[in-house]
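Once you scroll down, you'll see the structures, which are given as structure tokens.
Next come two complexes built around chain A: one with chain B, the other with chain C.
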Partner chain A sequence: MTTVATKPVRRPTGRRTGVSKPSGWWGLAFIAPATIGLIALYAWPFVSTLLKSFQDVPAFGPATFVGLDNYTTLIGDGDFWKAFRNSALYTVIILLGIPLAVVLASLIEQVGRGRAIYRVLFFLPVVTLPVAIGMVWRFIYNGDFGLLNYVLSWFGIDGQFWVADPRFTIYAFGVVGIWMGLGINLIILGAGLQAIPKALYEASSLDGAGRVRQFFHITVPLLSPSIFFVTILSVISALQMFDLLFIMLRGVNNTALTDSKTIVYLFYEKAFVQFDQGYGAAIAIVLLMVIMIATALQFRLQRSWVFYG
Partner chain B sequence: MAESTVRRTSRARRGGRTGSTWPIHVLLVIAVVFMVVPFVWQLLTVFKTTAEVTRIPPTILPADFSLHSFETFFSTVPFWSMFAVSAGSLVLRVAGQIVVAALAGYAFARIPFRGSKVLFGLFIVMLMVPSQLFLIGQFQLIRDLKLLDTLPALAIPGLFSAFGTFLMRQAFLTMPGDYEEAARLDGANTFQVFWHVMLPMARPMLAALAVLTGLYSWNDLLWPLIVSPSGENRPLPVGLAGLQGQFGTDYPTLMAGALVCSIPLVIVFLALQRQFFAGIASSGLKG
Partner chain C sequence: MKRKWIAATAVAVTAGLLTACSGGSGDTPKNEKVTLTYANWSEDQSPAMKQIAAEFEKANPNITIKVQTLPWPEYWSTLQVGAAGGTAPDAFWMLADHFREYAKGGQLLDLTDTITSNKIDMNVYPKPVSDSYTYEGKVFALPKDFDTNGLWYNKALFDAAGVKYPDDTWTWQDVQEAAKKLTDPKKGVWGIAAPIDAQGGFYNTILQAGGNIINPDGSASDFASPAGIAGLKFWTDLQAAGESPTLKQLSDTEAVSMFENQKVAMYTSGAYWALRFYKNPDLKDKVDVAPLPQGVKRATVTSGIGNAGYAGSKHPEELKKFLAFLGGTKAAEIQAATGTVLPAYQGTQKPWLDSMPEFHLQVFIDAIDYSVPLPVAGNASEWQGLAPQFLTPAWDGKKPVEQAAKEYQDAVDQVLAKK
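Our next item is the complex of A and B:
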């Protein structure tokens, strides 16, 4: 790796006062690529989405300013509220996976040999294509010859059309979502567990505390900042769910699809299938607000349960 | 090395109390069964015939071991060209983002310049905005540049990332300044200091960022879906989704496709586990 400095700027040598600070021009040169990209591909698109949400944008021809029309349409749009409800329900189900992740993380932390194997196995869904995961689960959920209904039949439980029946669709997605996200949560929680002083466990077991007691009185409170972080991340990603729905409802009967859309799916459909970008932009802005409110709410709630030692 | 000592001591301390960890293993193995059953079922299905899959009750093991699923998949789907698109876009995104983010992160961390704080604030704001808010504008830019259905279209937005810049800044912030000063005393200019001294020290974070970017690039569905309207230059996720539409009920072929398209990244993960875990853990810095 032979490197030639791109700009042979001579700095004044022989300054006695010590090392000269790099000049600001270097800073600007280093920052230029990232900044140009950020402005052209992130900051400007963000502003343009915001502007478009106040415009009627036909697929061809100039856009016209329509004020809050897109937003008032949105409020009266039954599809939007359905999508909102679906995204919220999916997010709540995903949250139920967090206690599970905390228990599993603390169990993994307690084993010596084999810890690496457990981590790898729980992580496999994270490195598997989400589209592939959707296909596999769709097959498992199949109402006629899916694995799930077969297993349920052992216990005398009647099978269902888990994906095609809108009563179950979001719950079926939720189970897959928990399964998919476990690996990531375990890694983040595992890092948090490493930071808990082992002496606390020693001392408490000398006092006769069992594992369950230790879990509730040491692990959970001391891990709460990590749990909080995992919760924030999970909510943000759950509110953006798209892939699973896209793949699992392809070609399924219409009621399941119309009844099970999420906010991001509706956004995709409006902005990039029907090319109603003004309305799509309004949905995106509402998504941003939903995520901001959900996050702010959690930061308020954390005061009552997160313990910063 | 270091990890194994830690592991031993923590085991001695915690497991040592009761002397056995088998109840924990039992619980974990039950959980692992739930984790791997879908994959096992997929593997078993791949070797069945289409007729066998629709049998009720289902057979567990393939009755007559068949490879028709792979044959159907490879003869109807241009797997290698999709793979090349996925891999090409991944390489571009990872390489581009690492260079761009490392340069900017270094400047934000170690070079004082006017407007640095305001600019960094802009990066942080963009970090908090969900990606869907950028899609309409990004699509428009790609369309105006006449890049729809091309490989660069897939890669361009991913070259830049507020998150990557933030991550690299954190890495450079925590480094001691001594080496930098020593190099500067030896007459190195800012770029040389960055390239020869600081960047090598940031290698673990670079690896973590590379892995995160690669994972995201490989799995991404929505962006490729938007910028490949004609279906040309499709990466694997889009092609696989098309397969679902085409072979709706040929489950062995669908499962074979899902398997073949997922395997490359799983292999990379098995080889680079540590970097993957570090990458995920470092996303914790985001908070």
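Our next item is the complex of A and C:
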């Protein structure tokens, strides 16, 4: 396969070039739908956001160029740094969910019959309406009547206002975020697990390796490309967290909202509630850079831990 | 849909009056088919809006109205992007705090001529509401509905505590005394709900204490004045005395839910809850409403939705005709009959009152006389968002009210000073 693809195609010059030129145009024509979509839906919005971030954009009427003003405001804006810290903390909590997903995935893999039931159970949050998820978790976390505090009371532990108390809000959201992301992560990791040859486990158990040892010395290294992929996706989506906050705190006169805004929530608030689109655009660009740096960093780090057979 | 029109022929006669009016004024008797879109954010009110649209279509066969309902968070971003890009709906709901941006940006259809040519009497609308849709002397939206505040109370809890029901003689002191007697920690019952609520709460008490929320020229706020502090203290005192659920409790379970679950005996808020309480079989016989208590004087803030038109509409003449219809009696009566909102048009509220005879809803209409428009100076959505941040420490008792009020005032003034 590879030899065929990489082999340089030797064309007789002259006679064939007349044909290859129009075929190049055909190629462009075929990729045009995708390219146009990409330009219209990704490239153009990106360019326009970038331009807006250097402008003062009123709700209506002409924008004025203000240079780096939006960015300098942003650096001095305590709200932005608070949001940045919240997003970073949330991302770290979400990352803690990945080892959990790896363990769960390998446990599910060992289930013989009924494996599908577990997959469905863990996948349900992915296909559930976010609003419904928000409502259920609001009930679980409710300080007065919540399920969590009720269970804690069995052990004599005093409950807390998990969502309303800003000391706990981000952690409480982190738990929901892990739970919501589990379904997708288990699918990706499950596929990775099935690619690991069973013979390795058989051979190692003949050599006397136990389950735990197999997990750390066979499963984890051979699954590392999938784990890496899951990590990249999780970090990106965690840095973009908005929906949970929006569903669980919005509209309610919530005392915790001031202290628990994430970067994307701040962006929404500036651009669409306060009509300050230029500043909103600057936040979006900074977030993009943060995500790019975080992803580049992970690609750099993967060299030391990801094992591509 | 068509069958519905035929069934409603009887009401069409009334609608005919209005259309005769607007038909005479339009000097372009085009018979081409025109479609107008009409956007709102309320699933609850959408059926009434469709009924109004159908009523209008019947009298104007060449115009089709498409009612669009968008969820609240998307409504404003869609409208803003649509207006800037030329694709906004033709007619849409407007709120006073967003109005200025749109009027200033030239996005709204000027209705001043329409009002003259259709002989619309602006005095039929509550003045604070119609004023809030006037910009530089021009009217850009006709009031659709309005809300004032009242004191909702739970009769069963009052009876249990042996407290006399609130009435129009009540002062702040009466509320405070009642709250004390009604609070029963053993039963998990509080006298009143005291959240950080601007429209249903501290704006009213600041006005009742004789203060302003924002000064008349819109340049500065008034929270740290003696009246401002008194108005805030009304609530923080109730919190300090433990006569209200704490802010954290009210964050997890909204004040209105606390009231619905019969955990709090009193709740100051708008008429918009009436239907919800009325439809709740546990509450219907236990709940009633009284006027807000008096401080130094009587006061309530008021606001209302306006029906506005898009300046970039392709069919401005038809749109004006539709907006005039929306501001008329027929549209108001349809709204009143559904019980969802209090229509702005004077004298059309009776069906609304009659739909829930057990509640003394007249207090909300009487409140127009002492109502003050909801303040919307400057970038209203920005400074309104500051309240929880600055007032929470005062509500939690972690900062003196005077200090929190001063910091809050400074932050609001900073926003007002921009541009």
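Here, the second predicted complex is superposed on the first by the 267 of 309 C-alpha atoms of A that agree within 3 Å, B and C clash if a C-alpha of one lies under 4 Å from a C-alpha of the other, contacts with A are read in each partner's own complex, and residues count from 1 in each chain.
Just so we're on the same page, a contact is a pair of C-beta atoms (placed from the backbone, for glycine too) under 8 Å apart; a residue touches a chain by one contact, two chains touch by 3 or more.
All values derive from a computational prediction rather than experimental measurement.
**Student:** Using the superposition on chain A described above, determine whether A:272 touches chain B (first), chain C (second), both, or neither.
**Tutor:** both
**Student:** Please tell me which partner, chain B or chain C, touches more residues of chain A.
**Tutor:** When the residues of chain A touched by each partner are counted, B comes out ahead.
**Student:** Which partner does A:60 contact after superposing on A: first (chain B), second (chain C), both, neither?
**Tutor:** Once the two structures are laid over each other on A, A:60 reaches chain C alone.
**Student:** Which partner does A:120 reach: the first (chain B), the second (chain C), both, or neither?
**Tutor:** After superposition on chain A, A:120 lies in contact with chain B alone.
**Student:** When the two structures are overlaid on chain A, which partner does A:205 contact: first (chain B), second (chain C), both, or neither?
**Tutor:** first
**Student:** If we overlay the two complexes on their shared chain A, which of chain B and chain C does A:145 touch? Say first, second, both or neither.
**Tutor:** both
**Student:** Looking at the overlay, does A:246 come into contact with chain B only (first), chain C only (second), both, or neither?
**Tutor:** A:246 sits against chain B and chain C alike.
**Student:** In the superposed arrangement, does A:256 touch chain B (first), chain C (second), both or neither?
**Tutor:** A:256 sits against chain C, while chain B stays out of touch.
**Student:** In the overlay, answer first, second, both or neither for which of chain B and chain C A:42 touches.
**Tutor:** first
**Student:** State which residues of chain A lie in both footprints, the one left by chain B and the one left by chain C.
**Tutor:** 138, 144-145, 246, 250, 272
**Student:** Which part of chain A faces chain C closely enough to touch in the complex?
**Tutor:** 58-61, 138, 141-146, 161, 163-165, 246, 250, 252-258, 269, 272-276
**Student:** Which bits of chain C are touching chain A when the two form their complex?
**Tutor:** 73, 76-77, 80, 83-84, 101-102, 104-107, 195-197, 247-255, 379, 381-382, 385, 388-389, 392
**Student:** Residues of chain A touching chain B in their complex?
**Tutor:** 3, 5-9, 11, 13, 19-28, 30-31, 33-35, 37-38, 40-49, 52, 104, 107-116, 118-133, 135-140, 144-145, 147, 150, 153, 179, 182, 184, 187-188, 190-191, 198, 201-202, 205, 226, 229, 232-233, 236, 239-240, 242-243, 246-247, 250-251, 264, 267-268, 271-272, 277, 280-281, 284-285, 287-288, 291
**Student:** Quick one: in the complex, what on chain B touches chain A?
**Tutor:** It comes out as residues 7-11, 13-15, 17, 21, 24-25, 27-28, 31-32, 34-39, 41-42, 45, 53-58, 99-101, 103-104, 106-108, 110-114, 116, 119, 122-123, 126, 129-141, 156-157, 159-160, 162, 165, 181, 184-185, 187, 189-196, 215, 218-219, 221-222, 225-226, 236-237, 240-241, 244-245, 248, 251, 254-255, 257-259, 261-262, 265-266, 268-270, 273, 276-277, 280-281, 283-284, 286-287.
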